[in-house]
Amino acid sequence: MGELIAEVLRWFADGTRWSGPEGVVQRLFEHLQYSLLSTVVAVLIALPIGLLIGHTGKGAFFAINLASFGRALPTVGVVILVFLVSGLNLWPVYVALVVLAIPVIVTNTYAGMAAVDHDVRDAARGTGLNGWQVLFQIELPLAVPLIMNGVRLAVVQVVATATIAAYISFGGFGRYVFDGFAQNDLAQVFGGAVLIAVLAIALDLALSGLQRALTPRGLALQRRRSNR
Amino acid sequence: MISFEAVNKKFADGTTAVRELDMEIPEGQLTVLVGSSGCGKTTTLRMINRMIDATSGKVRVDGRDVRDVNASTLRRNIGYVIQQSGLFPHRTIGDNIATVPRLLGWDRKRVRDRVVELLDTVGLARDLAGKYPHQLSGGQQQRVGVARALAADPPILLMDEPFGAVDPVVRTLLQDELLRLQDELHKTIVFVTHDIDEAVKLGDRIAIFKTGGHLVQFSTPAELLTHPADDFVADFLGAERGLKLLSLTSLADVPIEPVTTVTESTSVAEARRAGDGWILAVTDNGRPRGWVHVDHLPADGVLADAEPIVAAGLTANASLLAALDATVSSPVGLAVRVDEDGCVAGVSSPQQINERAARFRAEVLVP
Amino acid sequence: MKPRLVTAGILTSVALVMTACSGGVTSLDPQSSQSGTASEGALTVGTANFSENVILGHLYAGVLKAKGVDASVKANLGSREIIVPALQQGDIDVLPEYQGSLLQFLDKNAKQSAAEEVQQALGPVLPKGLKVLPYAPAENKDVYVVTKETADKYGLKTLDDLKAHGAELVFGGPAEDKTRFVGLVGLKEVYGVEFKEFKALDAGGPLTRGALEGGDIQVANLFSTDVNIGNNGWVVLEDPKKLVPAQHVVPLINESKASPTVIAALAALNDKLTTEELTKLDSRVDNDKEDPDSVAEAWLKEQGLTS
Amino acid sequence: MRWSWISDHAGELAMTTLEHSAIAAVAVLCGLVLALPLGVLAVRFPLLKGAVLGISGVLFTIPSLALFILLLPFTGLSYETAVLGLTVYTLVVLVRNTVEGLASVPPNVREAARAMGYGGTRTLLTVELPLALPVIMAGVRVATVMTISLVSVAGFIGHGALGQLFIDGFQRDFAVPVIAGVVITLMLALVADLLLVVTQHALTPWTRRGR
């Protein structure tokens, strides 16, 4: 074990590891590209669905089961299936990652909407806000913390799963995992896993900053108080 | 004026919340809908601003069927206050109050001025405008709820158990405030509660609902207390119907007897000379302080040292019930009367109060 | 119970469960419980992650079953780099191998090229406990393939010709090519070829073929038995300096499992296993989408190896 | 598309499905048996709580394939590697839910138990754990469905059960086994989830709506 760690450290210490077309920096950009693009697309699809379900209260059953369904969908199978249809391009990766992220975001958005105080929603309607105004002025701001929890969870999963891009010859940190596996070079696998974990944690931290920034001040104060 | 014509409301799960309701809610008055839970009172209220649409029948506001008006437009012209205030937690107090004016497209300055005006109206400090709802007490939040409902000066105010979640002391305070506001504003207020005492205290008219959505009686509080329509209403009003009746009339017509008062800074020796038995101690500016027995005075010092038995002063607006209560808790069996400034004007005896009660009973019973 | 006792109890149970989860569970797996002992018990044939190797695995298992050996197949385990250690550990017992690649895997400096030499050289370098059985006539070499257009454009015939144009070409093959002698290392050392880029794909599978077809790569590491090469009119670059050694199919086996029955069964298979036959088998799986197991089963019957 | 492949391999598919279920079930059970005590300890010792939850959070960011590969030097290309790797992932969910479940027990219930003379262990076993059960079971459901899906990743180390179908289909450019694998995995997850819902319903009679 100690030997492996020493090897991993040597792997990281290798100066040529970091630059060039196969360097860590290039792989980082690739990994970010797969992960972020997928997450953004997933948000664009999932957020409206979650908001709609939460706002109308219809399809909650669908939302809850979608989560189960999404978790059960084997990513490797999806990648391969799309690959067999689309051929050698990035579609398999994006489809699999988007499909992975959507359920998490939908259910968390729905949960966020469902958690909006019934009285507040009632008062908003009773005060004369129309459906869209209730959604965008009241429900959405109040659901932001939970929606962002969903996005964070999705990003962590997507970053870890973007490893699969390397299986069908593309880049990202997954390259180190698959190459290391094929070459029986565990230090490389370990290095790749560490890079992926660090990236996931870093993105999660960045998003928690965004979450704080997006959370309305009144709500943040309230939460801080009720946590005390 | 709000009217219900043969209104029924059946929910999807099969329960009937309101059955064949015919009711006319008079303009400029405070009408209370009261009943136990599940009697349809809240449903009735929510049909007025179309939070719920009736299954059949017509709900009219100023003669117009509410179904003919866009729901949001309708609601912007009807103030709405609910339990727990329903304030938007992510918006400041000022923004909360400004909700409807902004929806109506008022300019910025007008909105700002209105917010300040309303904070004054409901008795809140102006600097609360920048705070968030959770930074306020329950009572304050409820006042903000009222201010928000009043923001665009709607002729109608719907209040759904607005004081249900605050403690009794604050509730009494808020009820008094509401009565004071109504004295000034003369809105058409529809107020839902399950508390019959609150209904009697606030309502110009009271509608009693029975489980299953029946309106059982719709009349003035006095008529309700003296002529309950049936056993259900009588039961609902409770055992102390007579006493509740006393809360409906004031001390105004009860004569005031003079009383000897001694200021609390008077020395004990001097106070002894003022009389024997119980004497009424007052503050230096004439407000009632309490009853003191000369035998219980300390050896020396001033009257205040004797720790008087507190006696609250009653204005002419105070109810006979409150006066009777004061006589019972007073060591001398007298209610202390004060003028508008709160200065002691004299006392009234239980006999005098009872005489007035008897006359009142006769007045309301006769028709 | 005192809190401390509870804690101790919990820790003990955690420890017990951990042991149970890692050890006790083994018994649920029919294959892994008898590794390392006896000879004629159950036997697991492992295979690498490409079709031909999977077919070979099923052929091995088929002839062994016919001789009463309780054989099963664990297919698609990965690259040699992963499977050979698994063989040593007893996770699998037999592996269809290819002479030259195996030799260079075990001895990076091995330069033997002819079949018999390679077979001889394997003996001493094999890890303890493993041995190779006699090899089959069938051979499947790593080949470096370009499309007709590429060959014409750059005038490519042999690997030597690549040297001048390597900087313009992308090379694709399995990820292990990057570090193997029969791969980037040997191409550079023997032919002085350096490519513009290396793309890690798969072992002569759909990725590599697809990438060559689609122009993502210009030079592909495929296998000589791949019928797609001929079907697509692709050009196999000649190997005048014998970078790729003889690659006859050879069973690599755990010594403890190499009973006379097993040896005899696999030898009988060898007699029928020619390059031509192997190519046909590959084609049925890769092109006709038949299943490796059923293709193997039918062929064994046809050849009279099973009844 | 040769759909007959499915009927030709019905028996094999059934066996593979069973194998898949077994791997997932063993992983979740091992995870549960480890997570319950870990969760209890984490709730008892706040210092441990941060560490346990932190570690499980980090584990979640490691790609499952990398974890399987990194276990190879210890357990080889074996069934244990698959189960061990999957168990680690179930812990992420199960420990968290055990902690949350125990934390969700109303303090007054705990107080009441103590007031009636229950000791710590008795309170834990007869009051806290049963009341935490709905949250724990929710975790078991998530972990089970997730594990059923993750088993296929173990296909890269030869123990993917239904996941082997994906790799097989990939090698041969043949979609039918892949589709079969995906569909069966989903159905398996659905059935497992349903079974767990029924189990939870039976285990927690007090959570049912009285009517």
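Going by the order they are written in, the chains are A, B, C and D; count residues from 1 in each one.
FYI, a contact is a pair of C-beta atoms (placed from the backbone, for glycine too) under 8 Å apart; a residue touches a chain by one contact, two chains touch by 3 or more.
What you are looking at is a predicted structure, and each value in this text was computed from that prediction instead of being measured.
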item: Path length in the contact graph (chain B to chain D, fewest steps); value: 2
item: Between C-D and A-B, the pair joined by more C-beta contacts; value: C-D
item: Chain centroid nearest the full-protein CA centroid; value: A
item: Far-end chain from chain B, centres as C-alpha averages; value: C
item: Between chain B and chain C, centroid-to-centroid distance (C-alpha), Å; value: 89
item: Averaged-CA centre spacing for the pair chain B and chain A, given as whole angstrom; value: 54
item: Inter-centroid spacing, chain D versus chain C (mean Cα positions, whole Å); value: 34
item: Distance from the mean Cα position of chain C to that of chain A, given in whole angstrom; value: 37
item: Junction residues of chain C, two or more chains touched; value: 78, 82, 85, 202, 206
item: Of all residues in chain A, the ones touching two or more other chains; value: 83-84, 178, 181
item: Junction residues of chain D - those touching two or more other chains; value: 72, 155-156, 167, 170, 173-174
item: Chain-level touch network, classified as line, ring, star, complete or other; value: other
item: Which pairs of chains touch, using the document's own definition; value: A-B, A-C, A-D, C-D
item: Touching residues on chain C, where the partner in the complex is chain A; value: 78-79, 81-82, 85, 172, 174-176, 178-179, 197, 199-202, 206-207, 210-211, 214, 216
item: In the complex with chain B, residue positions of chain A that touch it; value: 117, 119-120, 122-130, 133, 138, 141-142, 216-219, 221-222, 225
item: Interfacial residue positions of chain B with respect to chain A in the complex; value: 49, 51, 71-77, 80, 82-92, 99-100, 103, 132-135, 145, 148-149, 158
item: For the chain A and chain C complex, residues of the former touching the latter; value: 21, 83-84, 87-88, 166, 168-169, 175, 178-179, 181-185
item: Footprint of chain A on chain D - complex, ascending; value: 58, 60-67, 69-70, 72-73, 141-142, 145-146, 148-150, 152-153, 155-156, 160, 162-163, 165-167, 169-170, 173-175, 178-179, 181-182, 185-186, 188-190, 193
